[in-house]
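The next part holds the structures, each set out as structure tokens.
Note that chain A is present in both complexes that follow, paired respectively with chain B and with chain C.
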Partner chain A sequence: MRHCVRIAVGPVQFRIGSDWAGPVAALEHLYAAYPRDDARPADATVRLFAARPWRRWLRPSVHIGGDFVVPGALPLPLSMGLLAAEMAMNLQVALGWRRHLLLHASAVARDGRALIMSGESGSGKSTLAALLGEGDWRLMGDEFTLVDPAGGDAFAFPRAVSLKNEAIAEVAARVDPARLGPLLAGTPKGDIRHLIPRADAVVAMHAPARPALLLFPRFGGAAGIEPMGEGEAFVRLTEASTNYVALGEAGFAALTRLVRETPAFGITYPDSAAGIALVEALWAEAAR
Partner chain B sequence: MADRAYRAAPADTLRIEPLGELTAIFDRRSMQTHLVVSPLPEILDAMGADACTPAHIAERLAATFDLGSAEDARPVLAERLCELAAMGLVERA
Partner chain C sequence: MSAIATFIDLLAGRGDPATLAPRDWDGVIGVARSEAMLATLAHRLKGAALPPAVATLFADQRAAAEVAQAQALWEAEMARRALAPVGIEFVLLKGAAYAAAGMSCAAGRQIGDLDILVLATDIRRAENALLKAGWEWVKSDPYDDHYYRAHMHELPPMIHSGRDRMIDVHHTILPKTHRITPDALALVSDAVTSGGGFAVLQSADMAVHCAAHMLADGDLQGGLRNLWDFHLMTRDFAAADAGFWGQLDGRADMHGLQGAVHRAARLSRDLYGAALPGGWDRQEPADAWFRRRLLARDDWGRVKQPLLEQAFYIRSHWLRMPPAMLAKHLWTKWRKR
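Right after this comes the complex of A and B.
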């Protein structure tokens, strides 16, 4: 393709091709500090392309392609090319990755132990992870957490954090503006702005962390903590995994081990400060 | 119906992991995960490799559990066996 870049996020080497320079330039900015090895074969291929040659210029719209595609997915305008790239990268990992059990969950680590947070879009798992990652935690990822089926360790996938709507101002107030990508206003997912993880999180992205606490956050309502049994955590995480079925018995074994060895709680919280306070309190118990 | 005999799936085809109140069963033949609650795991365990009617199972379970009257337990066990059969975890002997 006309424009191409290779990016390594955690264990995944992406090869991203685009008909336009813009999305590739935006990715090169967000991932400038990530290790680069252009000779390494790609694990996942992403293509951002125009459906017809003239649509590169005339009302340019970005179609998503790659090893895996979602039939009938609507293209995005070129102004949202970075979002298209992010969606395409997520899709390739969600559908194609087999080396780890893939959880749709954010994660942060401290002292070699991981806190994993799983929840629907809007649960605040990304925002909590981003805010914790600005404190004395290592951000492992805001979207996917990888669990090694053999050893049970969690591995990071620290892509640029996708901040949405209210979370943008909350995080922007605390970080160097140079770590923020462009504001993508009015996307199908609302306003989006990417946050480049701290340099220490990128440097440590291959370091495993032992799962120590599983949280299922829910934003809104009074602060509350609900202990969760192994069975319910198992059911929720099978639903939060994009490759549980594909991994077969290896996925079953990894997930039963994870929920047995890791205390799990549902938490509700009215704002980020309350959410972080709950996380720290539960961590103090779990990490003993 | 109540005296129909079933045989459990061979033990090496199932991986059974108790998870608190739920038990997760991975069937290596179908690659499916089944989530069941008591008394289904106990029934599978009591059946072993034998062809069992509800009466047989009631007898075996009574050694460990307080089933009350075996007469009352049999239709309940027959229903549970139907559920296990629907999941493919037991089949008609």
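Right after this comes the complex of A and C.
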């Protein structure tokens, strides 16, 4: 394709091709500090393309494709090309990756142990992970957490964090502006701005972490903690996994082990400060 | 060399994976994924000297394909449990049949929907039994539903509500409106029992169906995979029985599919290096169009000749139904867009 970039996020080597320079330049900026191994073949191919040749220039709209294509997926305007690239990368991982059990969850690590947070969009899992990652935690990722079916360790997928709406200002106030991507206003998911993870999180992206705490956050309402049984955690995580069914018995074994060995809680919190206080308190219990 | 040519050479055993530059693998893997053949390639190159990242990816693919095949055969078992109590026997078709029979083309082969063949007289009862056992209709469109029932060789697709898996129930192997009418009764009555206990088509019929599906019915989407199936099964059948090619000729003639079967054989020779016996080993100028269609993918896995793709799409419809009916069908479909 006309424009091309290679990016390695955690264990996944991407090859991203685009009909336009813009999305590739934006990715090159966000992922400039990530390790590069240009000799390594790509695991996943992403394509950002115009459905018709003239749509490159005339009301340019970005279609998402690659190894896996979702029929009928709506294109995005070129001004949101970076969002299209990010969605396309997520899609290829969600549908194609088989080495690990994929959890739609954010994760941070401390002392080689992982805190995994799973929740719907809007639960605040990305924001909590981003804020914790600015403290004394290692950010593992805000979208996917990978669990090794053989050993049970969690592995990082530290793509650029996708900050949404109110979270943008909250995080922007604490980080070097050079670590923020362009503001993508009015996207189908609201306002979006990407945060480049700290250098130490990128350097350590291949280091495994033992799952130590599972949280299911929900933003809004009074601060509260509710212990969660293995069964409920299991069912919620099957729903949060994009490849649980495809992995068959290995997926079942990995998930069973995860919920048996890892304490799980649902938490509600009115604001980020309260959320972080709850997390730290539960971690102090769990990590003993 | 283009990625798709490299990919085919690797499958055919003509290419040495050690000579590939790192960048070459991108294209080969991209093409293989687009053809739904990455796990097939992974099996073909098992044990070869590969870059570490490729070897790991291929190991993932082999493991995933093994799980997917177990799941596909489980789905076949679910269909058996739904249909056996009402006395309906069925024949497994395509991917699930190859897996059940432990054939070499099953190694790493992706299996989509469960395809089964029943006697035309059993089709209504099969439908009711499956609906009772938890399958439900995918399409609710009355025109599509009518179209399937009046003109197709299968029921409208059904999906199982609990397991989210599709089943296609066939009563023959080509649409009723197709210019060619295979002998469906012979297909079912001459079926054989596989090692896995499921009925599958007898060897020659299996190759006939494979060729028909690729060349007489479809628009050559996924053609490389179907051709790979055809190549490996005819090679293995002929190795086990010296009279196989003669039997294949006879069965193909009986079903009216000699043209498709011979073309499949020539294409598997041209692309995968199949050795053909005398009488089969001919040249046919029109094959060039089929080779071009099969090879029309660029290094990013995209179909690179849209006009050729469109032409084969129109051809598939042309074969499927008479012109007046085709016009009416396209008109209805167009109005519903």
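Definition applied: the second predicted complex is superposed on the first by the 288 of 288 C-alpha atoms of A that agree within 3 Å, B and C clash if a C-alpha of one lies under 4 Å from a C-alpha of the other, contacts with A are read in each partner's own complex, and residues count from 1 in each chain.
Keep in mind that, in the parts below, a contact is a pair of C-beta atoms (placed from the backbone, for glycine too) under 8 Å apart; a residue touches a chain by one contact, two chains touch by 3 or more.
Because the structure is a prediction, the values reported are computed rather than measured.
Peer 1: Mind working out whether A:Arg260 is in touch with chain B, chain C, both or neither, as first, second, both or neither?
Peer 2: Only chain B; A:Arg260 stays clear of chain C.
Peer 1: What is the contact status of A:Arg99 with respect to chain B (first) and chain C (second): first, second, both, or neither?
Peer 2: In the superposed model, A:Arg99 contacts chain C only, not chain B.
Peer 1: In the superposed arrangement, which partner chain does A:Thr238 touch: chain B (first), chain C (second), both, or neither?
Peer 2: Touch status of A:Thr238: first partner only.
Peer 1: Thinking of the overlay built on chain A, is A:Glu230 touched by chain B (first), by chain C (second), by both, or by neither?
Peer 2: first
Peer 1: More residues of chain A are touched by which chain, chain B or chain C?
Peer 2: Larger number of chain A residues touched: C.
Peer 1: Report for A:Arg179: first if it touches chain B alone, second if chain C alone, otherwise both or neither.
Peer 2: neither
Peer 1: In the superposed arrangement, which partner chain does A:Arg159 touch: chain B (first), chain C (second), both, or neither?
Peer 2: neither
Peer 1: State whether A:Gly248 touches chain B only (first), chain C only (second), both chains, or neither.
Peer 2: Both chain B and chain C are touched by A:Gly248.
Peer 1: Scan A:Asp67 for contacts with chain B and chain C and give back first, second, both or neither.
Peer 2: Second partner only.
Peer 1: Do chain B and chain C touch any of the same residues on chain A, and if so, which?
Peer 2: 245, 248-249
Peer 1: Given the complex with chain C, which residues does chain A contribute to the contact?
Peer 2: 1, 13, 15, 17, 38-43, 45, 47, 66-68, 96, 98-99, 245-250
Peer 1: Give every residue of chain A touching chain B within the complex, in rising order.
Peer 2: Residues 229-232, 234-235, 238, 245, 248-249, 252-253, 256, 259-260 of chain A touch chain B in their complex.
Peer 1: Name, in rising order, each residue of chain C that touches chain A in their complex.
Peer 2: Listed in rising order, the residues of chain C that touch chain A are 22-23, 25-26, 29-30, 33-34, 51, 53-54, 56-57, 60-61, 63-64, 67-68, 70-71, 164, 300-302.
Peer 1: Show me the residue ranges of chain B that touch chain A in the complex, using the header's touch definition.
Peer 2: Contact set of chain B toward chain A: 15, 17, 19-22, 24, 26, 28, 31, 33, 35.
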